[in-house]
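In structure tokens below, several structures.
Presented sequentially are two complexes of chain A, the first with chain B as partner and the second with chain C.
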Partner chain A sequence: MSVNMKCYDTTPCIRCFACMVGCSVENRLRLQRENHIGIEKSVQGRLTHLSHLSPQRRELGTFPNSRQVTAFHHCNHCEDAPCLEICPVDAIIRREGKEVVVVQDRCIGCSSCLDACPFDVPVIKNGKAYKCHGCYDRVENGLKQSCVNSCPSGAMFSGTKEEVLEEAHKRAELYTKKTGKEHVVYGANKVNGTVGELRWITIVPKEDLEAYKLDTDPKKLAMSAREAVKVVGAVGSVAIVAGSIGHLIYWLGKRKEKISKGEVEEK
Partner chain B sequence: MGKTTRRDFLKGGVATIVGAAAGMPSKASAKVVTSADFGREKKVSVLCRMCAQKCPAIATVLDGRVVRLEPNMGTPYGAICGRAIGAVGATYDKDRITKPLMRVGKRGEGKFKEVSWGEALDFVSKKLKALRDEGDAKSVAYLPRFSSAGGVDKGFFHLYGTPNVVGYGDTCFGASLPVSFGAVMGGTKFSAVSGPGTSAVSADHEFAKYGVLIQRNVGGALVCHPWGKTFGLGKKNGMEIVVVDPRKPSEAGESLVDWAPIKPGTDEAFLLGLLHEILTKNYYSIDHLRKKTNADMLIDLETGLPVVTRKIKKMKKGKTVEIEDYYIQTDSGPCFKSQNPELSKLFGDYEVEDELGDTKKCKTALQMLLDEVQPFTPEWAAKVTTLKAEQIKKIAKRLNDAKPACFLERGYRSERYANSLREKLLITQINAILGAYGAKGGVISNGKVKFGKAIKAPKPKDISIAKWIVKHDPNKPLLNVKFYRRAWVEAVLSEKPYKQRVAFFWGQNIIGGSVGSTKIAEALKKLEMIVCVSPYWNETTMYADVILPDATFLERDECLNGKWKSPLATLGVNRKAVEPLGESKDGYWIINQLAKRVLSDLEYEEHFAEYDKIGMMAFWKKQYDGIHGVTKAEKASIPPLKDILAGRVWAGKKHYKIKCKTKTGKWEIYPTELAKKYKELKEAGHKDAEYINPLPTFNAKPFILQSGVELENDEFLPITGFHPLGTFTGQQTMNNLLFKDITEENHADCVFINRQRGEKLGLRDGDKVQIYNPKLSKVISTTKVKLSEVVQKDTLFSYYGLTAGALDRFSENLSHVQKGGFNSNHLTQFLFSPLTGGNPAQDFTVKVRRV
Partner chain C sequence: MSKKIVVYNNVERFFHYHLVHLVAFLTISGLPILSHKFDFIAYGLGIPVAALTNSQNVLSAGMSALRFIHYSSAFLLTLLSIPFVFMMLRKIAHLSMWPDRWGVQATIDGFKEMWKFYIKQEHVRFGKMNTGQKLFAQVVVITMIVLTISGYMLVFRESISSDLATYARAAHAISFIILGMMLIIHLYLAVHPTNKNSYEAMFHTGTMDEEFIKDHHGIYYDKLKKENKI
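Then we have the complex of A and B:
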């Protein structure tokens, strides 16, 4: 499988938040499908930890030379994902399409990933880490990511790395030509030694990189300090890991049962 | 893994989505989710009703629940917004009304008891039947908004015998838009306005080079299918825009977007300055004006009307049509336009003999516009609007460089000021002068599919309240006879032309949604019975005697739909995805139950018996068999009814055209029918005649500019805008937890004022403030303030419909809505725009004080 990539293009985006609501709803669907929590129950709660894409709004400049800018806060599925490297129990894995995914069954909620992430992405809720999983369940079954599928204006698109980069560079070039301002594809090339390339890239006017909080040198000091903890943590967690594997086997069995039952009902 | 299952009715557009999920190899690893998981999802084609636009969507049903909404890509502009995706939050909102309720306390107190459907329906029907038997069916008004019985509900009430089916569009698209657009493009009878409201045209964003977002922000606030989609496509193709708005909206883009931070209520001045620049800099094509418009028409200076006209026959699309021919000037003297269309003079003063041989002083229409616009220089406009003259000139130049692939937006929910009509008239004139109408990248007519009638009701014998008002109320001669809910309120209060005794509201929140909330609430107290059909709580349901719990769009089948704000004629249908929650019922069931109880056996047999036997197919067949309004080729390509019902959305072709129905057949940049009405009112000494002056003038101002007094330190001009996750005043977005994280990040519960102005008043971010209208000081809103750099200095901005407002008693029924907040309608006096009876929603000032 080739590398999956998502791109957010700030130009056609109408800031309608469909992508963000889409993310939240799809995760509630998963709660119903995997955890038997009906959506009629889950919509009674905010479940902020299941919104893996959120807006960060602020105003820049002073009136009348002013504007509001909405930064998109999300996991970038880094090539050199520090969260994955630091996780003491290997609860963070890379899928075949290179999505960086927290396996909740293994996660011990130690916050290492949060400390390591230079983009401050993972959140810890009820002893587990949560962040964007790239909708790998959808993608591996031939569907687009929920945020991409939700976007009404063509501001989010996805595909293989090659397809997405080609389209992104084409768009950036057109915008540069039309506006006379250089547009760049943030994350298309290695950003720095900490994160490498990104698999969630952004088309943006170069002068607005900072406005959209697109860090050109993302770093986390805590990363090195945590290195030591990782070793200790891993040893201490053997029992938990074993337990998790046991749970996984049990869960897989349940899954099969559930699926076949579902089919029977559907007929 | 097992094989994927599918329902038969999921063929067509829907099947492609399911198909994509089916048959893919499964990949087992940490979490095994396979194609089979997606395969067992049921897909149902729906038309979203989180707002009014009915964007085609696909609902996913899993284990008996709707779990997802996504765009139906069966149309070229398939797209839905965040509200639609959050529809599951509204459908499964635990605070929904799911049982029939009857009032127990005083009217408006909001105390109800649960009753059975039989009890509620019998109560309502008994009253309706008694009034009908008395011969007073006209005293019942039906006021639909979010009806769940579209195609049948209005027919039922006409059948019942009331002429008063009262539309809500006077607050939105039904007042000044049709009059202004009709003045230039025809299709309007001035005694009874009908026709081109918001749905008439669309900007061709996809191919536009430059656009002026004024009066509405299509970027995100409403109408994802197709405007949100086409706007995005346009931006992707390099469309550039300027936003003329007192507040800079993010939906229009956040990088490299020009912003003209205009003072609220001064759009007309900006447009006059723009017109001045366009006409004095010759930013138009002579050929275009001569060919398409009446720029060369000779106007009699004494009457303001064309000096000589005659009726002639002309061939148009193989048919003989009668048009009005008019005098033009040529080098060899005056003649009729039809005699020498190529060489008319566009400018100049002339003396012409009329039919009676009298000599008349005349000017060409374009010369008149040019002469009258002279005082309104960009420098003049800059003073009124607080913009810079250079910016207005730049916008005119950009329009000229882009024309005809350019547009000025024309407003939405835009009955805001007394002079709304004038603003929209100027917008229509400027678009016409630039040649934007019908052009690729300009502004084009929308298509629609028309159907056979599901209910063919005879015309009620009584005259409707609106038709009476048009004839007898000198203040509202241009009232729209279809959309007049606030004029209806006035009739409730005055009992003219006759008494109103029952109001039947369907998904309509007249108190929260229109100007003069407190007066409207007072009027409702006069009625003998109020029925509300609604799944959601709002201000108006609190005044009901009976509340019937409505199904949401995900819980009902509907009649076929053929009307979207799209250049492509489109055909689709909303299908039921899941059973209604609790005891709620869909609208057709409700209407059928009322019909059984109220109509005569004969009437019931003729109109409803078939539905009673076979259900919705009774209506669908009638509708489908009577399809018209599309080209022959398009009609031939419409799929069979069963495919439409299976979820296929059909779309026709994009036609680059604009419908022009003027008597002259020209785009009348000098609007002659308006000129006639203006002359008539002027001769009668009507105080508001200037509001329909066909020529540029600034003598017909919004109420807020009439006194000429400067705003005081603590005084602001309130404006509202939709949040992309907010909709009309109601529970579906206000109480929806799927939106809360985002709307809070956007401070949607605050009012926004300019930081510098706020600091002068000693305000800080998050301060609690009271807001009141000095002319209606008994109603006070308590809310939070956000100091902002992106609102103009005179402005108080708030998001519409995301907080309860001053009349917040209904929020006691809603778990996730805080008491208080700001709804500008609550603070308004019960005023009307002159002549059209429109809804001057923002034409007042407010004062702000810290609590």
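Then we have the complex of A and C:
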């Protein structure tokens, strides 16, 4: 199976949030399917940890010269997923379509993935991490992701990487031509060294990248420092051990020499 | 026979003795969280733990057990530190980790003396600790304070912002790595033949011969004389 990609297009989106409802429904159904809870219970409560797509609506400018922007906060299924790399128990895996998925049965709730994710995506609930799983099981069985399935306006679409990239670039080009505003496909190319390319991309006017909270250099300084010091620590520790062994050999040799010269006495 | 001088009192020795295994536990249980290179520790512990708890995931079982060890060792270490920290605070102005002489030149001289002693094997008059030991003690104090504060921030991470928790996480890992490198040197020198007397004093007797102190820790000897302690 080739890389599966999801794309959110800000232009045709009518802000109906059917995608978010679809995500919540899907994950509640999963609870029933996996016999974690019964049907009544699964529809009660907000279960925010199971809503993997959360809208962050903001108003930009001041009325009447204002407009509303809804940034989507979700897992981007990063190519170089830092969450997957840091997880100490390998509870985060990559499925066939390269969806980055938390295996709750293995998760020990250590919050490492939360620290590592530069988009602050995973949430911990009852000692387990939760985030978007890209509906990998639906995809592997020929269905679309629940969010994509729910979208009435074609603003969410998915497919193989090649298909989706082609369509996304075609749309961005069209919007640029029609509106005169440059549109870009965020995440289509390597974003930075921390996350690589993204498997959930977004078509957006270039000037609105920030308004949509699409970080062009996602990283956490503290965690980068931790990675750098780990390398220093590894090299340093090896050097120190080698230095100590070297010193001991040198020291014993020198001592023998001094003893034979009678400068020190043997104890 | 020469007179015995108490160089480490019972509280110091008791604290150091238990510090050794608690820091060993904290290190062994922290390393597999820090890096996948140490997964073998979690697997090793995970095999019996998974068998006992009927768990399918050896790595998760081992890591959970290691986390339990980390948390409990940290708690024991905190308890153990309370009397020790109070004792040290009471004599804070007279701790042997402070330099015998302050200043850049004095520090450079200190390193020259260490060179003479550890490399050229010449006779040197040290204080109770030499410059390297003093620096080591200072680094240990600082990193242990950072480890403790950031460690408790991580334990109670639900009550702080996630940004703050991430900073604590990085501070915890970085101070551990600095401490770890220092500990390798400390371990090596502790078991080195030149250090036999201190080793015996720390782990067994608490005392050193007056003659030995006079000979090897001249500055310390002068200080003890001045304070009428000998």
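Please note the rule applied: the second predicted complex is superposed on the first by the 221 of 267 C-alpha atoms of A that agree within 3 Å, B and C clash if a C-alpha of one lies under 4 Å from a C-alpha of the other, contacts with A are read in each partner's own complex, and residues count from 1 in each chain.
Note that contacts are C-beta pairs under 8 Å (C-beta built on N, C-alpha and C of every residue); 3 or more make two chains touch, one makes a residue touch a chain.
All figures in this text were calculated on a predicted structure; none of them were measured in a lab.
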item	value
Which of chain B and chain C A:156 touches, first, second, both or neither	neither
First (chain B), second (chain C), both or neither touched by A:48	first
Which of chain B and chain C A:112 touches, first, second, both or neither	second
Touched partner set for A:129, first chain B, second chain C, both or neither	neither
When both partners are placed on the shared chain, which of chain B and chain C touches more of chain A	B
Which superposed partner A:140 touches (first chain B, second chain C, both, neither)	first
Partner chain(s) touched by A:88 [first = chain B, second = chain C, both, neither]	second
Common interface positions of chain A, toward chain B and toward chain C	105, 248, 255
Residue numbers on chain A that touch chain B, as the complex places them	9-22, 24-26, 28-29, 32-34, 38-40, 43-46, 48, 51, 54-57, 59-64, 66-70, 93, 95-96, 101, 103, 105, 137-138, 140-143, 149-150, 152-155, 171, 174-175, 178-179, 181, 204-205, 208, 211, 248, 252, 255, 259-260, 262-263, 265-267
Of chain A, residues touching chain C in the complex	88-91, 105-108, 110-112, 114-115, 120, 220, 222-223, 225-226, 229-230, 232-234, 236-237, 240-241, 244, 247-248, 250-251, 254-255, 258, 264
In the complex with chain A, residue positions of chain C that touch it	32-37, 39, 42, 56-57, 59-60, 63-64, 67, 118-121, 157, 162, 165-167, 169-171, 173-174, 177-178, 180-181, 184-185, 188, 192
Touching residues on chain B, where the partner in the complex is chain A	1-3, 5, 20-21, 24, 26-38, 40, 42, 60, 62-63, 65-71, 79-86, 88-89, 92-94, 219-220, 224-225, 228-229, 231-236, 238, 240, 248, 250-257, 259, 261, 724-725, 737-742, 745-746, 754-756, 788-793
